[in-house]
Amino acid sequence: MKKGVYICHCGSNIAGTVDVEEVSKWADDLEDVAISRDYKFMCSSLGQELIEKDIEEYGLDRVVVASCSPHMHESTFRGACQRAGLNPYFMEMANIREHCSWVHKDKEAGTEKSKALVAAALSRVGHHEPLVIQYAPVDKNTLVVGGGIAGIQAALEIANSGYHVYLVEREPSIGGHMSQLDKTFPTLDCSACILTPRMFEAGNHENITLLTYSEVENVDGYIGNFEVRIRKRARAIDEEACTGCGLCEEKCPISVVDDVFEAGLGYRKAVYRPFPQAVPKYPVIDRENCTWYQKGKCRLCEKVCPTDAIDFEQEDEILEVKVGNIIVATGYDAFDARRIPQYGYGRYPNVFTGLEFERMTNAAGPTTGKVVLRDGVNVPESVAIIHCVGSRDKKYNEYCSAVCCMYSLKFAHMVHDKLPDAKVYNFYIDIRTPAKGYEEFYHRLLEEGTIFIRGRAASISDVALTVEEEGKLIVTAEDTLIGEQRRIPVDMAILSTGLEARHDSQEVARTFSISIDKNGFFRERHPKLDPVATMTGGVFIAGAAQGPRDIPSSVAQGAAAAARVLSIIDKGEVEMEAATAEVNDLTCVGCRMCVISCPYEAIDYLEDRQKAEVNRALCKGCGTCVAACPSKSITLHHFTDQELMAQMTGAMNALFEIDGVLMPA
Amino acid sequence: MKYAWYPGCSAEGNSFAYDETSRMIAEALGIEFQEIDDWNCCGATEYFSVNQLPAYALVARNLALINAEETPQVIAPCSACYINLKKTDEKMAKYEQLNTEVNVALAAGNLSYEPGAVKSRHFLDVVCNDVGYEAVKEKMTQSLAGLTLVPYYGCYMGRPEDNFDHPERPQTMDTLLKTLGADVPDYSLKTICCGGHMTQLSAEASLRILRHLLEGANQLNADAMVVGCPMCQLNLDAYQKDVNSAYKTNYQIPIVYFSQVMGLAFGMDPETLMFERGIVSSKAMLEKWLTAEPASKKRRRREKRDKNALPMPKQLES
Amino acid sequence: MPENSYEPKIIGYLCNWCSYAGADGAGLARIEYPPNVKIIRVPCSGRVSPEMVLRTFMQGADGVMVLGCHIGDCHYGNGNHRTAKRFPVYTELMDYMGIPKERLWVQWVSASEGPIFAEVVAEFTERLRTMPPMRGKLEVG
Amino acid sequence: MTLEPNSVYEKIITELPDGEKLKSCLQCGNCTGSCPSATDMDYAPRGLFALIAAGQDEKVLRANTFWYCVSCYQCTVRCPQEIPITDIMYHLKHQAIEKGLYTTDAKDFSGTFIGMVEHFGRSFELGLAAGFHLLHHPLESVKMAPMALGMMSRGRLKLLPKRIKNMGQLRAILDKAKEIGA
């Protein structure tokens, strides 16, 4: 057997803490090693060519690459082997970066550990078997979950390429948070004006099946072949008959506070469309507030409907669809400002949240765009805008919510625009404007006369101590630039609430087999180089579900996720898991322990022969059956007992050798 | 229910009324007290600032004097005593070295204390959470309807951490006073500090702080401010006159202990509840209560929605 | 080797999806921990059989860690349920085999728990330091 | 970052539990904004932390900030970086006393109080007020007289403190604590 060893410097990432030349030299003397090299960047094209050339020149039949995590570059180096005609599974990686150089400061210890890891990989790779990758066809349909701007963008990109999309949205209409906004920073385009055409296009596209008021309940399968169960909640409206005339909504006697679209600042009916441009155009009946469902009375909507579209008997529908790829773009929740009692939201009428103010400035909103106090009549003469509410605070969310500075500046502009005489204060810690045109927008606000006070607002109170403060809200903060505690009386305070992961992001993550970070946002495969993929093949993420972001960035991610899906559809087939389990027919005693332990029901018990058999199309390669088998009759390819034990023994032997203690064999 | 009782130095002087009425309330509610024999001062905020180890040892002596088997919980009516007892116990449990050192010091007096043995409780916490609002309601013979009582918690009931109520938005006393039938407005300054020892150090600073608190209560038409700490009571009561002369105001807000108003609702004689110990007279409050029509449980009509007004967000459930 | 410079030798079997990614996360965040652990990647903690653990001790390991996803977060649905059921029984048997059960640690570390991974390694290494070395390979059976 | 040995900063970080959190101060001003005594301080907490980071130790220890701190923990519970600000104030008092760098008489107030506790085992308001004010502001103590009379007439001011029974035991404990704590 001829093994080649390649130790990567990764610039100074590895070489800084590991003496790579020493490791390479040491490995050269190990059994079966034909060539051992170290190189600046193994993953570079030159590094890969080096491996390819050696395979040909030295006739290598096994390769060990000691570099970063296999999660980063396993496929890179398997590719290099394959190009040189070697079975890609004859390659094994030793992770001497994430698991070694980056976490140990002592160079001697790092070098020794690297040797042990390389020895372990060398010992293991000798037992590797050539595996043949099987391919499965890719279903050309795609599921997009979430009908905000990121999901809409993704769905349109795919649909415009000629492939079918199921777009699932929980609310009665698509549009997401963007549909609630008035203007968008820094260009001040009208949000609805740029969004509505996209919504309409998505709603009427021949390649898009729009499923609103619906939720994904279960996902089975794997990349290229997912089976999805969707619950389409009953709207109590016959979509075939409904023309969207709005008469039911007009006549409905029940009016409730709209906590979703109007962010609590306005009312809606019990039968409603969230907003006039809603897509689809059909309303829904909110059963919790409808008097028919609650008390068995009314049915007024039914009486006035000109097309008999009201259907009180309608029931939830369960749809089973097959798709090849999934994009999850479920967005964010706004931070609940009531969690910070010292700001008085919910206690003082004239403290508003960011989303409330968005609705207030919107011409289609509850105040028809007038900036007024909670009484709906009086106009504020002074407004305080408080940044970082629920952000940059370890008690709530440590991270920066990324959009609040810009939308706070936008709010200041809106007040200046609508109430030129009003004083506007922005209480900030740092102003963060790192994108195209953002800093210029900040400069514009400075010129417009916004008063910027550098200091996190400490509290808002209504206890006046001077005549000027009477009847006002008093914002207390340190003006850190002059080093003084100040009390600033204002008529209105707006809390720039941060962005949080959806309250149910954990359950959603579980449904789609993706992982979440410590803040509840979906975790990307790589934070820099693979921002829209996840650890689960065929499942992609986009928009604020992945982390706080603004509209341009959400759109870019939606498009990026769509591009990834399209490349998979275009390829037409996906690699199947090659590392699956196999039963040794000769030794299997038919005890069925494996059948019980398999999470995928991938093992069948053959009654006639009293043997177990693995269905390789269903097997995901977890190996639970192997550990359960009492007669050692199941092998998990690429993770065989021999391979794992050889890896362990290789490491142990190297450690004892380094210690200088000879051990009995 | 049997607890150790740590009255604190104020009980022997300034807050005599609190101590007495607490004992009366406790008896009515079936709480049994075992006063710590020969307890000493907790050191207030002063001792810790100068010399840490003797400060902990000072407090630990009190904990060591308690028979933990018999009374594994100690009640302090004073917030400063409560926080010092709690802090000493917790820090000894958390920091091994401190625990050892304090115990070496205690050994010099033939005492020892194992952290965690005695749990420190505020009297308000015990009344509201151990006895419970339902049991309080059962003992009531008359409602406090007609009185606007402003609950004032001061700083220590919810701070610095893991105390019995929220550090910024405590609810215990609000709920208690509502249970007694009083009108309880949402007092936004209820956790703002009373200034503590500042009355001794800077009259200007302390009067400014006190004025802020009194103004807040005054704007809510308080018939009285209700407290659960002798320091809060002393500062707001004894210096109210000074605030009035410094700020040309005319506050006449009696500062009473929650135990005193509970006594009223339990039908105890106002005389025995020692309202007259307050510098600011409680007469007006008591008269208002006595003359309030029992039926005048002001039937608040549901306010009609102003057609212009925007909806208010709901308050967070506590 | 002088007694006082004893460095425990630890083999860690980490599931690919959560714990191995968590260890990668510790690296990305540059969180230092003792170099004693050598990680072997397995698809799922459910792949780790008691026999593998025993063999690892036989090869002279002072400690073995088996780390998997938190219950409910298993990439394979419930592979780690097997781990959770399998090892408590096994650890009880270890004393019988002459291996103190404190030398095996089964823990749950998610992909986002880099700092927790580092803590687990540090704590386990410290625990093993208080025990004598296994002194080489065992002869069992 | 290595800190100047024996600097105020280094002492806070090495001696105080959670003191290292001071390193993560964002200078947001939430502490000063929340402080009931901020307007009377020559450097309010945030400013003081900037001075500490800048190594201006003498200015720090001569500041009145920590003597005016009422230890209400408002800053601590609101600090977005969870810095134990109130505990830092205690620590700074200690450092100032150690270095003899204090200019206010708050220390003497504490001293009077402690003296009383060490003498009687309990505190009492009259002795405290009288002892402290007669020493430092004789004029103030005259102004205080009406208030004191009001308190006395309501039986709330004792003329003599109650001494605890086992004073010897308490002294032994405190002496031992001082001995090992020094």
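Some notes on this structure:
For clarity, chains are labelled A, B, C and D in written order, and residue numbers in each chain start from 1.
Criterion: contacts are C-beta pairs under 8 Å (C-beta built on N, C-alpha and C of every residue); 3 or more make two chains touch, one makes a residue touch a chain.
Source: prediction; values computed, not measured.
The chains touching chain A as well as chain B are D.
No other pair of chains shares as many C-beta contacts as B-D. Spacing of chain B relative to chain C, judged by their CA centroids, is 52 angstrom. With centres defined as mean CA coordinates, chain C is found 30 Å away from chain A. A separation of 49 Å divides the Cα centre of chain A from that of chain D. Within chain B, contacts with two or more other chains are made by residues 168. Within chain C, not a single residue touches two or more of the remaining chains. Under the contact definition stated at the top, the residues of chain D that touch 2 or more other chains are 39, 78. By the document's touch criterion, interfaces exist between A-B, A-C, A-D, B-D. On the side of chain D, the complex with chain A involves touching residues 26-35, 38-39, 43-44, 46-47, 78, 80-82.
Taken in their complex, chain C has these residues touching chain A: 1, 9, 11, 17-18, 20-21, 23-24, 26-28, 30-33, 35, 38-44, 46-52, 55-56, 59-61, 72-79, 82, 86, 110-113, 118, 136-137. Chain B makes touch with chain A in their complex at residues 166, 168-169, 186, 188-189, 211-212, 215-216, 219, 306, 308-316. The part of chain A that touches chain B in the complex is made up of residues 257, 264-267, 336, 338-342, 344-347, 349, 353, 366-367, 372, 374-377, 461-465. Against chain D, in their complex, chain A makes its touches with residues 342, 392-395, 429, 454-459, 476-480, 483-485.
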